[in-house]
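Here chain A shows up in two complexes: once beside chain B, once beside chain C.
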Partner chain A sequence: MTMAQEVRASDEKKLRKREWSNFLTGILFLLPSLLLFGVFLFYPMVRTVYLSLFLTSSQGVPIVFVGWDNFFALFQSTSFQLSAKATALFVLYTVPASVLLATALAVLANQKLKGIGLFRTMFSATMGMSVAASSVIWMFLFNPSIGLFNRILAALNIPGIQWLLDPQYALLSVSIATIWMNTGFAFLILLGGLQNIDSSLYESAKIAGVSDACQLRKITLPMLSPTLFFVTTVTLINAFQTFGQIDLLTKGGPMESTNVIVYSIYKDAFINYNVGSASAQAVLLFAAVLIVTVIQFKIGERKVHYQ
Partner chain B sequence: MSTGKRILLYITLTVSGLVMVFPILYAFLISFMQGGELLQGSFWPESFSLVNYAAAFERVPLLMYLWNSLLVSVLIMAGQLILCSLAAFAFVFIEFRGREWIFYLFISTMMIPWEATMVPNFQTVQSLGWLNSYAGLSIPFFAMAFGTFLLRQQFKTIPKELYEASQIAGISKLRFFTGVVLPVAKTTMTTLAIYSFLTAWNMYLWPLLVTNNEANRTVQIGLKQMQTQEIASDWGVVMAGVMIVILPTLILLFAGQKRLQEGLTQGALK
Partner chain C sequence: MRKVELKEITKTYDGKIDVLSSIDVTIEPGEFFVLVGPSGCGKSTMLRMIAGLESITSGELALDGKRANALPPSERDLSMVFQNYALYPHLTVEQNITFGLHVKKISKKEQKVRCEEVCEMLGLTPYMKRKPKELSGGQRQRVALARAVVTEAPLCLMDEPLSNLDAKLRAKMRSEIRQLQRKLGLTMIYVTHDQTEAMTMADRMMILSNGRVQQIGRPLDVYNHPDNLFVASFIGSPPMNLIEAEVSDSMLTADGHWVMPIPNEKKWLLREDKVMLGIRPEHIKLAKESEPGFFVQVANVEVLGTETLVTFDFGEKSQWVAKWSGQYDILPGTKLRITVDNKHYAFFSVKNGKRLDRSPIPAAVKKVSS
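So, the complex of A and B:
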C-alpha cells in the first residue's frame, strides 16, 4: 500500500466512524419519540386493522378470522348507516360555518384600532375552553324549561323546542355548540395569517384607490388562502374526531341521530364489547381522514397561493 | 378611516365579541345563582356569594381532580418539550443516513387520527398495569409531530457554522443542545409549553377510558360526574365547577395569546 492510499484509507475510516457516530447519536435523540410513536400510534393502528378482520371475545381477544365480514356487516347495518350519515352531516354543518365565522372575526379584528386587543381576547376565548366545560354550558342553554333558547322563543310566542331530545334538532344543536367551540382556535390562526400579509400591498392598493371590498377579494383572501386551507383541514379532521360534546350532550341519541363515528366506535368497543366491529369502524375513520388529507393536499397544491 | 366607519366597526366588534363570550359570561353569572333565581330566568345574581363554589368542592372531590389534572398536564407538557426538542435537534443538526425517512415517518403520524387507535391503546395500557395511573394518562402523549416541526423551524434559524465550530472545539452534541440551542429557542419552547398544557388540561376521551376511580380522575371527567349527578337541581353548583375548571386555561390563554397566535401560525404554514 502506498503512502497516499494509506492516508486515504485512514481518512475513509475516520469518515465512516464519524458517519456511524452521527447515526447513533441521531437515533438516540429520536429514539424516545420513535419508541412512543411505535407503541402508541403505529402498533395500535396495525393492530386495529388486524382486529377488524376478526371476531373478538368481549375482552377484545381475536377468536376467529372472518376476513371482511365485519365491514360487510357494518355496511348492511342501519345503525352504521345512521352513524355515517350523522358524521357527514355534522361535518357539513360545522366545518364551513366555523371557518366562515372565524374568518369574518379575524378580518374584523385585524384593524389598527384602540382597544383591539380586548376584542381579540374575546374572540379567541373559546380556545381555552375544554370540550367538557363548553358542553355543560351549552347543555344549560339548550335546557327545554330554563335554557336561554327556549326563553327567547317563549318571548316571541313560539313554542319551545326539545333541542337535544328531538331527532330533528339534536344534531343541529350539537353542531351549533361545536361551531362556537371551534371558533377560538380557527380565529387565532387566521388572525396570525392576516398579520403575516405584507402591509405594503394594502398601501399600494390604497394609493391606487381600490375599494375595501375589492381589497378583501383581491389581496386579503388570496394571501390568506394557505392559512384558510390549513384551518379548513384541521377543522375537518377535528369534526371527524368529535366525541366529548356528543358524550355529554346527547350520548349519540335521540334515535342515533347524533351517533357520530368516534362515539359509535367508543360504544361498540367499551359498552357493547364488540371490538371487531369497533376496529372496522376505526379503520374506516382512518381511511376517511387519510382521503381528506390527500385530497386537500392535491387541491391545495394547485389552487392555494403560496408566497 | 372616517369617524362614521370607525364607530360602525366598534359596534360590530362589540356585538360579535359579546355574542362570542356570552355563554361564558352567562355561566359565570349562573355560578352565583340559587335554584329559584334560575327558574325566574334572571340574568343577574342577587348576590355574589361563593356558596355554590364551596358546594362544588363538597359534592365531588374537586380539589383532588384539580391536582390530578395539574400533575398530568405538567407531565405531558414536560414530556412533549423534552421529546420534541430532542427530535427537532436531530432533524436540524445531526446528519445521518435515513434521517429523511424518519422525517416522513413523523409526518405520517399526523395522518393517523388518534381515536382510531384507542382500542388497542387501551389494551396496551391495561396490560402495562397503567389504568388509573398518571403514567397511563400522560406517557402515550409525549411524542408529538406538530411540536417537533414547530421547534425544528426555530432551530433552523441557528447558524450551522456555530454547530460545526462547536464540534471542532470538541463540545459534545448534548452540551451544544442544552447550552446553545435550548436558550435560543426559549420563546418557541414557551409557546409549545402553553399549547401542550392547554390541550392536556382539556383532554376528555382518554381520561374517560383509563380512569374509573376518584383518586386519578381528572377535572374534566369530574365535570361529567357533576353534570350527571346534579343535572336537574343545581345548575349554580355545576357552573361553579365549570368556572373552576376553565379558570387556569383562560388565564393561560389570555397571557399567552399573542405568542400562541404567532407560534401556531408559524408551525402551521412552513
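So, the complex of A and C:
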C-alpha cells in the first residue's frame, strides 16, 4: 500500500465509524417513539392480521387455523355488506361536505374585518370539544319531541322526523353531526393555509383588475391545494374510523343502518366475542383506507401545487 | 405616459403616528422618478398609495390632473413590480405574464402575441413553459418586469425590484430597466433604499426620511447641493465626511485642527458658534509643498483598481475617507499632508441640520456632446 492509499483507507475507516455512531445516536433519539409505536401500533397490527386467520375462543385465544375462511364468511354475510355500504355512504356524506364547509368558512374568516377574531374562534370551537360532549348536544338537537330540528319543522307545519330512529335518516343525521364536529379542525388548518398565501399575489391581481371570484379560483384554491389535500386525507381517514358518535347516538342501529365497520368490529369483538371475524374486518378496513389514500395521493400529485 | 401629482399627502396607519407627512411632489410624464430612503421611512407606503393598495389619510392624489384618491387600483391604468416579484408559483412563466389580461378584453391570440414579444425583449423565450421555482433570481425578476410591461400601462411602479439580486446582476438590471423605460416611454416611480440605484437611474429623485421629504431634485444637483445633513450623509458612496467645527474669530477649527480661514464671502459663518462641516471624499487631495494643509495618519487603505479609498484619523475622534482616482500604495500608519479647496466645503447648521450656504458648490460635470 502506498502512503496515499493508507491515508485514504484510514480516512474511510474514521468516516464509517462516525457514520455508525451517528446512526446509533439517531436510533437513541427515536427509541421512545419506536417503543410506543411498537407496543401500541405495530404489535397490535401484526397480531390483528394473525388473529384474522384463526378461529378464536370467546376470550380471543386462537384455536384453529382457518386461513381465509373468516374473510370468505364476511364477503358472504349481508350484515358485513350493509356495514361496508354504511361506511362508504358515511365517508361520502361527511368528507366532501366537511372540507367544503370548512373551506368556505375559512375563506370568509380570512377577510380583514373588525371583529373577525370572534368568528374565527366560533368556527374553530368544535375542535376543542370532545366527541362525547358534541354527541350529547346533537342528541338533544335530534330529540323527536323536544329537539330543535323537529320544533323548526313543527313551526313550518311539517311532520316531525325520527332523526336517529328512522333507518332512512339515521346515517344522514349522524353524518350531519360529524360534519359539524369535523369543521373546527379543518377550518383552523385551512385558515392557517390561507394566511400563508402571500398578500402581494392578491395585490398584483387587484391591480390587474381580476375579480374576486376569479382570484379565488386562480390564486386561492391552487395555493391552498396542499393544505386542502392534507385536510381531505385526515378527514377521510377519520371518517373511516368513526366510532364515538355512532356509539353515543345510534349504537349502530336502527336496523344496522349506521353499523359502520369500526362499530361492527367493536360489536363482533366485545359483544359477540368473535375476535377472528372482527380482526378480519379490521384488516379489510385497513386495506380499504390504504387503497383510498394511495389513490388520493396519486390524484393529488397531479392537482396539488407544492411550492 | 402619465402625470402623477401628490398634494399634501399624509398617511397614518394607527391614527397616532404619521408614517408620511405632507408629501408634495409632481412626477412628470415619461420621467424616471426614484424614491430613495432608509428602510422604514415610508417609501413602500407612498408607492402603495399611488397604486391604490393603501388608503390616503389626507391630501390629494391626481393622475393626469384628475383626482384619484378613491379610484380602485385596476382603474388607475398602472403596473407594479413587487419586491418579492409576486409570481404565481403554480403558473408557468407564460401564464404568469398573461395573468389578468383577459380582464382588459384582450383576445387569447393577442395575449400570446404580446407575451411572445415581451419574452423576446427580455430574453425569456426559452423559459416560457417553466414554473417560477425552476428559474434563477434574475430570470424571476425579468418575469416580474415582463408582467408589468405586457399590460402596456403607461405608469409603472417598482418597489425595490433589485434588492434580491446579487451585486453584479443588479448593476446589469439597472441599466436594462432604464433602457426599457426609455424605449417604452413609461412614467416610472421606482423605490429603492440603495443610493447607487437612485443616483444611476433617476431623472429626478426624492429623498425620504422618517416620512418627510428631505430633498427632491436631479441626482447630480442633490449630490452637489445636499439640502441638509441627512441627504449629505445618505447620498454618495463613501458618504460625505462630516465634522463639527468651531467658529472663532475669522477661522474654523475642528477637533483642535486648524481647518481654514474664513474668507470675506463667508463672513456669515461668524454668526454661528459651531457648524457641521462637510467634504466629499473626492475633494480631499494630497497637499503640494506650497499649499497649506494638515497632517493626518492613515488608518486603512482600500485599492479598488480605478480608485483608492484612504481612511485616516482626523483629530482624536473622527475618521475621514478620501477617494483618489488611480492606485496608491500607502501603508497604514503613514503620515500624509492633505488639503481641501475651500470652495468644496459645505456648511450645515448644528441645530437643525439645514444647509447654511446656499451658494452652489461648483459642480464637476463634464459635458460631452456629439
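Worth pointing out:
What we mean here is this: the second predicted complex is superposed on the first by the 285 of 307 C-alpha atoms of A that agree within 3 Å, B and C clash if a C-alpha of one lies under 4 Å from a C-alpha of the other, contacts with A are read in each partner's own complex, and residues count from 1 in each chain.
The working rule: a residue touches a chain if its C-beta (ideal position, glycine included) is under 8 Å from a C-beta of that chain, and two chains touch if they have at least 3 such contacts.
Every value quoted in this text rests on a predicted model; they were computed, and no experiment measured them.
When the two complexes are overlaid on their common chain A, residue A:Ile219 makes contact with chain C while staying clear of chain B. Judged by the touch definition given at the top, the superposed model places A:Phe240 against chain B, while chain C stays out of reach. Touch criterion met: A:Thr121 reaches chain B, while chain C stays clear of it.
By the document's definition of touching, of the two partners only chain B reaches A:Phe140; chain C does not. Contact with chain C, but none with chain B, is seen for A:Ser200 once the two complexes are overlaid on the shared chain.
When the shared chain is aligned, no partner comes close enough to touch A:Leu82: not chain B, not chain C.
Touch counts on chain A: comparing chain C and chain B, the chain ahead is B. Interface residues of chain C, counted against chain A in their complex, comprise 51-53, 72-76, 78-80, 82, 84, 86, 88-90, 99-101, 103-104, 133, 147, 151. Taken in their complex, chain A has these residues touching chain B: 19, 22-23, 25-27, 29-30, 32-37, 39-45, 47-48, 51, 60, 105, 108-109, 111, 113, 116, 118-134, 136-141, 146, 148, 151, 180, 183, 188-189, 191-193, 195-196, 226-227, 230, 237, 240-241, 243-244, 247-248, 262, 265-266, 269-270, 275, 278-279, 282-283, 285-286, 289-290, 293. Of all the residues in chain B, the ones that touch chain A in their complex are 6, 9-10, 12-14, 16-18, 20-21, 23-24, 26-27, 30, 38-39, 41, 82-84, 86-87, 89-90, 94-99, 102, 105-106, 109, 111-124, 139-140, 142-143, 148, 173, 198, 201-202, 204-205, 208-209, 220-221, 223-224, 226-227, 231, 235, 238-239, 241-242, 245-246, 249-250, 252-254, 257, 260-262, 264-266, 268-269. Interface of chain A with chain C (complex): residues 198, 200-201, 203-211, 218-219, 222-223, 225, 305, 307.
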